[in-house]
Structures are given as structure tokens and as C-alpha cells.
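Worksheet for the structure shown next.
Per-chain residue numbering starts at 1, and chain names A, B, C and D are given in the order in which the chains are listed.
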Amino acid sequence: MNLSNIIIIFLCIVSVGFTQNTNITGTFTFKKRNPGVALLYFDQDKGLKVSNANLDQMNKAFVKPLLVVNPGSEVKFKNSDAVDHNIYASDKKQKVNFDVGLITTGGDTNYKVEWDKGKVVKLRCKIHPKMKSYIASIESEFHKVVPFEKREKELTFEMSSVPENLDSLVIWMPKYKELHVNLKPGESKTFELTRKGKVKGFLSLKRSVAIDEK
Amino acid sequence: MLKFLSLILFLSIGSIVYSEPLSTPDVEDIEYPDDEEPSSELITLGKTLFFDHRLSKNKNQSCATCHNPNLGFGEGVAHGFGTMGGKLERNTPHIYNLAWATTFFWDGRSSTLEEQAVGPIEANGEMAMPMPKFLERLRNIKGYKSLIKKAFGDEKIDKERVTSAIAAFERTIIVDNTPFDRYMAGDLSAMTPKAIEGMNLFKGKALCIQCHDGANFTDDSFHNLGIDDKDLGRGKIVKDKTLNGAFKTPGLRNVLMTAPYMHNGQEGTLEDVIKFYNKGGGSGPNKDKLMVPLNLTDQEIFSLVAFLGSLNQKLEIFPPKLPKE
Amino acid sequence: MLKFLSLILFLSIGSIVYSEPLSTPDVEDIEYPDDEEPSSELITLGKTLFFDHRLSKNKNQSCATCHNPNLGFGEGVAHGFGTMGGKLERNTPHIYNLAWATTFFWDGRSSTLEEQAVGPIEANGEMAMPMPKFLERLRNIKGYKSLIKKAFGDEKIDKERVTSAIAAFERTIIVDNTPFDRYMAGDLSAMTPKAIEGMNLFKGKALCIQCHDGANFTDDSFHNLGIDDKDLGRGKIVKDKTLNGAFKTPGLRNVLMTAPYMHNGQEGTLEDVIKFYNKGGGSGPNKDKLMVPLNLTDQEIFSLVAFLGSLNQKLEIFPPKLPKE
Amino acid sequence: MNLSNIIIIFLCIVSVGFTQNTNITGTFTFKKRNPGVALLYFDQDKGLKVSNANLDQMNKAFVKPLLVVNPGSEVKFKNSDAVDHNIYASDKKQKVNFDVGLITTGGDTNYKVEWDKGKVVKLRCKIHPKMKSYIASIESEFHKVVPFEKREKELTFEMSSVPENLDSLVIWMPKYKELHVNLKPGESKTFELTRKGKVKGFLSLKRSVAIDEK
């Protein structure tokens, strides 16, 4: 390692040390039913590298409401349940179709996510139509999955350490219109959440000014 | 003998799967399309369509002919008949509490009530009215104009409107105040001691709850009971051999009314059904591993039937006056 | 073929007997003991006795165990069980509209509800409580004192009071507002076209009305259907060979709920029952000459079942809180 | 035939010719249900001679609600119905038990009434428990059977040509207390009709004064 390399590494570390991060506080409010899960991510970032994505199944349900991976990731579908499952996706709009076949009790199957970034695809089980989960194929390290409890009408969450230079935010929820909004440090904004053209709720976001993380 | 008993115990425990607790369904949990509860005008339109026998090819059959509200929304015989007189292949499923369901038809080939409604209307062996003809027939019955206007604001008749109305009516067919529900709500005298015994067997030794679980006594899943009638069921839909011969678990609310039982109507009474399960089901191929002999005594079967009786609630659904032509 | 048809016609016509017209039962026609409608206090006492399982020998069984209101006031299985665990010999008859009945038990061995009530209480194979013991048990349950005082003015407990209370409750179990009754009252949309077809078959080709006639769909008479199970039925009671194997015609109101059918519960569904009649009944000795092959098609059976479904009305009978000991 | 005989016959005829008869008008009133049938007779008379009593059955019913015979009469039970019947009586109180056996369609059976006068016995059919009728064994020519229609609460009847010298009247109805009353020509009386000690209705009787019948 020569000096120039050392200097570059040093500069990187210093630069990281000096990155001004921001925190976001958000509150979802729904008039009636909540959509089960929401995903927020700053789509300018490309830093996500998921190496051991897995989605397990227990008690006739997926253990996660939404799994975030980056395009090209391998997902290991596990079955820790006492019954067999058979995961598939059939999304005509986004042209994502796959079927991993039967996963017997205790078994697993790998599946490579080869869709374009930005797609969120619903997973189902051929044997248990009640089961559902989602795989989001995104590239951003700066994302947040917000799961809702049944009948929760208001929920506040935090998303921390978002670099100040990222300000383009995507808000995704099942069946809702995907929002692409701009949120700069120090801003507070409220967005309408719409489904089939109707306002079903609101998301209020408050972003801190850049803070010096130590 | 002890060895034999422990083998049974092993088989039972070995196959125990997660079950949602039995409970009363909550209307708050219904996922209406667009989260909008349907208007009473939409429900009225849907109910009228549901009962109108003029909408089948031979003008002799409505949804209510096979989903007969007086026969547990089934047809009361193992196999009903279509408008042209042909015998139906499967026993008509009941439609109680489908507002909470996630999959429709015995083989689960529809995932919404709206989509489901189209099937029997268009099927050659059932009402035999392809959608364009169905809509044309509807347009020729003058009385529907005002019903549709009340529901939608104008007189346009199309497939989406028609199916959303039928589905809206079907979502009102709710059984949620049975002796069982009153018992769960704290009225301990609502169920007799025999029925309570039956409930404990249902959740325990008889293993019923492994598939008939949750508020509607169904896992909404597909199982092969060993009935060997060459019907591939779910397997045909998902093109997966492991699901050949598997059919959707029907919910058990109002089950007494919905005889006969099984996808082919082969079992006449609740007693017959339990005896079928008691011997571990049928002898057909690809049988679900949950199907094991239960060693229930006749007295235990008696108690189980008493419990199933306590899942009953009569819904007063009066057929509408049909609109004039 | 023509010869064959005319033979059938002859057989049918040859056996036509007088039938009372189908109608809605009128509470004005109930013959109460002493022409006195029972007080609500007497009915409450009767209902409480009816549901009190502590009054059987093993304290595990009440009238409602076999006359289960959730199972059409039957036991839901072909043969129920007594308090000591023994299997009952006959299927439990339902008790709908017995206020108008003139004969009780399958073999008609009682002619009042009051007399009937004693039978299953005392029978060894059923509740196994001879009257003196039954009354003693009752006297030891303190809570009954006030119920009896309310009904009779003082706390005396005797057989006559107890049976009159049970009978008074039973006379309130009335089915008189079914789709069929609404149709008869002029609401022509109350019954579907299929059910109306079935009604016409019921009164015509299927010959049902020859025995199931009148407001309660029974002639209160005894017929031998050719069921060969060695049970002498009415014949044993009246010691008359011509009535061997004959059993009382059950009323058909709420018949869907009362499965399984026949005095021995051998038929599981209404479809099975009609198919049994369609072949002219069983092959046992001494069969009633009214039993002839009917040549009903499967579609006709479908319509008949639809009609029988329209005889249904759910009665909300909530089990009472049992009095404290 | 000698003269004295002729004179006796002549006197008899004259005496009949001069018998002063009376008519009775009666009105039954019931609070609730009527008892189906009533029988009234003047029990001092012994003149009844019934020679061809018969009771037919049609449409699963006896054609008469009550048959009057004198003790010793033969009753012919006929069956003109399309179904078999089996008539019996089982009256523990009055000690009348008989069973004429099966009477098939079109058949008949004779039965001799050998009970004491004054008994009214209920007839039933073993096959059809709804069927009922009564046989009254009395000696009086001067009797009246009053049948009631279902739900009839008031009914007026007439009984004509009752000799003035008869004044002891019996009133019988099923399950009611049998009344033995006195009613002279020209009298009007009202009687309570009781069942199990409770007054269930009234019978008002008005008897004409003797009239000269021609």
C-alpha cells in the first residue's frame, strides 16, 4: 500500500466521519384500514448489498411482511412451519412471475431476484391463500419498512442516519399510489395517501436539520 | 395396547400445526374493495340479481337456485343441475362469511367474490350466459334501470357493476351470533355441557381445528382427504401434483344447514363426516398427512355434532320482488 | 312403455287417499289442557327443567341433550346416548309444533305431551330417574323453589306440576312463519320457482301429501315404509300385527334441521329420503300399500328438496340460566 | 181382533193425538273453544229403538261426531275410506273397552253395544289418532245431538216435539261435567257449563208451553 492509497483511505474515513446525517420522524394516519405495511426509501442511493436475504415461514404466515433486497440478490425461502408451503408470485402488471415449488417442512429453496429496481412484488402460497408478503427490489441502503398492526390507524416511526444529500423519497404501500416526493433536511411535509384516486390517509414527515454524528 | 396408544399419541402430536384460535369474526376485519362498505342500494341490486332466475339461459335458474338460502346457501342435494338440465360436477359450496374469505370455489381459482360471480353465470353447465348476453338480458328488463341508477347514479349496465353488486350482497351474508359466539362472549349457559365437550374435542383429540380454525372455522387452505373421485381440485388450477385432489376447507358456520358435505357431497350428515375423519379419511392417493385415524368413540362423535350444532344462526333473507320486464 | 306408464298411473290413482290441504297452523287451534294458555312463569319453569342436565341420573343429560334446539330438536346423530352411556334404540323425534299433535313417540304410545314427558325422564336407557328420585333431586336444588312458586303460587313440587311445565314449554316451540307460510299468505316471491315446482310435486306425482298433509305436514298416523329392522313400532303398542313396523309420520316443519331421518336415523339427507321413497321404500314385510315407486327424476328430487327447504324457520331458543343448588 | 182391543187401539191413537208437545230453543255460548259436540236427552223416556245404527268413515274421519243408540243395539262400523281403520274404545272410568280390529277399505264390522244406559264412550282409530267420535247408549227417543263447527263460540239449536210430561234433561259434552237439570214447559233457564270445576260457557234453554200438535 503506497502513500496515495493511504491518503485516499484516510480521506474516505474523514469524509464519513464528517457526513452530516439527518433523522426523519413520520406519522401515518388512516381513515379506516391500514395497508399492512409501508416501505420508504431514498432512491438516489445505490449502496444496498444484501448477501443473506431469507424469508421464513411459521404458523401459516411469512415471518416478515416485506423483505428488502437489491436486484440480483439470492433469497432463501425457508419453511420452519409444520406444514408444507409453495411460494409463488404472479404479477401481470410488473411482469414478475415465479413459482419456487413445494417447500416441505424444514426445507428451503433459493430464488434469485432478477427484476428491475423499484418493483415490489407480492408473494403468496398456493396452499394457504391467506399468506402474503412482499419482496422489494431496491438499491438504497436508506430505507425503512413500517409494519402496521391490525386495526392500527395511527403510527409514528423513525428513520435515522439519512445522509443530508439524499432528498428524493419513495413511499410504497400495497394497492396505494406510489409517492415520489422531495424532503430536504429541516422540512416538514404532509402527503395524501391515495388508493384508486381516493384519499385514504396521510403521512406527515419531519426531517431534522443535518447533525454532526460522532 | 400401550404401544398402540403411544403410536396414536405420536401421530397426533407429530402432525400438530398452528391453528388460529376459534373466535367470532369481526366486521372491522372485512376488506371491502377500496375499503368502502357497499351502499344499501348496491346490496339491493346485488340481491335482486342473485335471485333473478330470468338471467339464466333457460330463464329457470338464479344464483339462489344452487346457493339456496333455505338450504344453507347450498342446493341440498349432492349435485345440483344447471339451466340446461345437466348435473353439476361438484357440490355447491355455501357462501356464509365469504366477506372474510381470501379464495373462492372448491379449488380456489378465484381470489375475489367479484371474479367468482362471473364463473357460474357464464359456465355452460350452470347459468350458461356469457357476459355480453347476460348484460343484454339485463338491459331488456326495464325494472333494473332504476335499481342500477340508485346504486350508481346512472343507468349504465356493465360487468363490473353487476359483479360488484352481487359480491356486495354476498358480503352481507354473515353468521356471527351463534350459541358459540355468545359463549365466547361470556354467556356460559349459551352452550350446553355436551356442546362444550364437543368443542374441547374439536380443538383437541379430533384435530378438527388443524384445518377448521379461526373465526370462520377454515384455514382457507387446500387438503386432500383421500376422496378418490379423479377430481384434481386445486392441483389442476395450480398445476402442481402435490395438490392433486386437494380442495378448500369450507368454513363451518351454519354447517348443519349445508348438508350434504365434501366437494362431491358424498357425506350426508355431520355424523357421517366425523366418522369419515375418524377412520383417517378415504383411501385415495396423495392424502394429506394430517389425515390420521382419530379413535373417537360414538359418544365423542355425539358431542362433536352437538358442538357443530352450536355454530348455527338463521339469517332471515327474504327473496326480493323481481323487477318488471 | 305406454302400458308401463298406465300401470304407474293406476297405482298412483288407485292409492290416492284424502289429504288435508297444506296450510299454516293456527294457534287458535291448539287444545291447551283445560283450554288455558300457560302462563309465562309456567313456560319458564318448563324451559329450565328441559335444559337442566342435573336432573338425569349421572347429572350429564337433559331433555335438550337429545332434543337439541341447535340440531332441530333432535340429537343430530342416528342414535343418541342415555345418561349411563347406552345407545338409544330409535332416532330422537323432533318436537316442532307438537302443540297441535294428538299422539307422541314414534309409536304413538302417549296421547298427551304431559304423559310423554315422563317417559324419557324415567327410562333406564335415557335419563334414568324414576319420578320420586327426580322430584327429590329437584327439591334439593334450592333455585327451583322460587320458579315453582312463581308458576303455581306455592313451592310444592310434584309430578303433575313438573310435567305440565315441560309440556307448556314444548307447546311454545312453534314453526309457523316459513317461506312456505309467507307464500300461502300471498307473498308470491317468498318461494322460488324451484320450490314451487317442488310443492306441486309434493302434492302430486311424489304423493308425499298422502301422509305429510295438513298444517303440520303429518297425518299423525302410522305407516310401515318397508324398513326391516325388527322394530315393531306401533304394532307392539296396539298389539295388532297389521301395524307391525309402522311408525308415526313426523311433521316436516324445520325438517332440514332434523337430520338424520326415519325412526332409526338410516337416511342422512332429504335427498336420500326422497330416493328411498322413489324406489317404493324398503323391502321389509307388511309394507304400507301407499309405498309405490314414484319415478321421480333427479331434477324433480332437486325441486322437492328446494320445497322442503322452504319449510324452515329458525327459532331463537336461548338456554336458560340454571337455578342454583 | 175384538172390540176391546179396537177400543184400546183407538184410545191410544186419540191419546197420541192429544199429547201436548213442547219445543225447546237453546243457545250455547263458550268463552273459548267449544267441545265439538253436545248431547241433550230427556232421560225419563224409554222409547228409543235403534235398529240399523251405523257409523261410517271417510277422509280419515268418522262421518258423525256422535252416534245415539239404545243399550243392546248392533252398530255397523263401515269404512268407505281409501285407507284402513281400526276402531277401538278404551274408557277406564266407565269400564268400556273394545276393539273391533282392522276394517279394510270397503269393509264393515258389527259391534253390539252392551253397556249401561247413560254412558257416552269415545271411539278412536288405532291408525289415525286424530279421529274421534262418540257412541251414546241411551233409551230416550227425545234427544238431540248438537255438533259444533270449529271455532264456533255461539250456537242456537231447536229440539221439537218433546212431550210435556218429560222434564228431566241430561246435558252431556266431552270432558264437561254432565248436567242433570229440570226444565218444565214454559220455563227459561240458563246453566253454567263447567270443565274441571271451571265455567267454560253457558247454555240458555227456553221451553215453550204445551202446544196442541195437529
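The definition used in the following text is that contacts are C-beta pairs under 8 Å (C-beta built on N, C-alpha and C of every residue); 3 or more make two chains touch, one makes a residue touch a chain.
Keep in mind the model is a prediction, meaning the values are calculated, not measured.
Engineer: Could you tell me which chains are in contact with chain A and with chain D alike?
Structural biologist: Shared contacts of chain A and chain D: no chain.
Engineer: CA centre of chain C versus CA centre of chain D: separation in Å?
Structural biologist: Their C-alpha centroids are separated by 37 Å.
Engineer: Please work out the Cα centroid separation of chain B and chain D, and write it as a whole number of Å.
Structural biologist: Whole-Å distance between the two chain centres: 64.
Engineer: Please report how many Å separate the Cα centroid of chain B from that of chain C, as a whole number.
Structural biologist: That gives a centre separation of 29 Å.
Engineer: Can you list the chain D residues in contact with two or more other chains?
Structural biologist: As it turns out, chain D has no residue touching two or more other chains.
Engineer: What parts of chain B, by residue number, touch at least two of the other chains?
Structural biologist: Counting only residues that touch two or more other chains, chain B contributes none.
Engineer: Line, ring, star, complete or other: which describes how these chains touch one another?
Structural biologist: line
Engineer: Could you list each pair of chains that touch one another?
Structural biologist: A-B, B-C, C-D
Engineer: Within the complex, which stretch of chain B touches chain A?
Structural biologist: Checking each residue of chain B against chain A gives 15-18, 28-29, 31, 34-35, 102-103, 108, 111, 219-222, 234, 238, 240, 242-243, 246.
Engineer: Which of the residues in chain C end up touching chain B in this complex?
Structural biologist: Where chain C meets chain B, its residues are 51, 53, 60-62, 64-65, 68, 70-72, 75-78, 80-81, 85, 87, 179, 182, 189-195, 256-257, 259-260, 267-272, 298-299, 301-302, 305-306, 308-310, 312-314, 316, 318-322.
Engineer: Give the list of chain A residues in touch with chain B in this complex.
Structural biologist: 32-33, 58-60, 81-84, 86, 88, 101-102, 126-130, 150-151, 195-196, 198, 200
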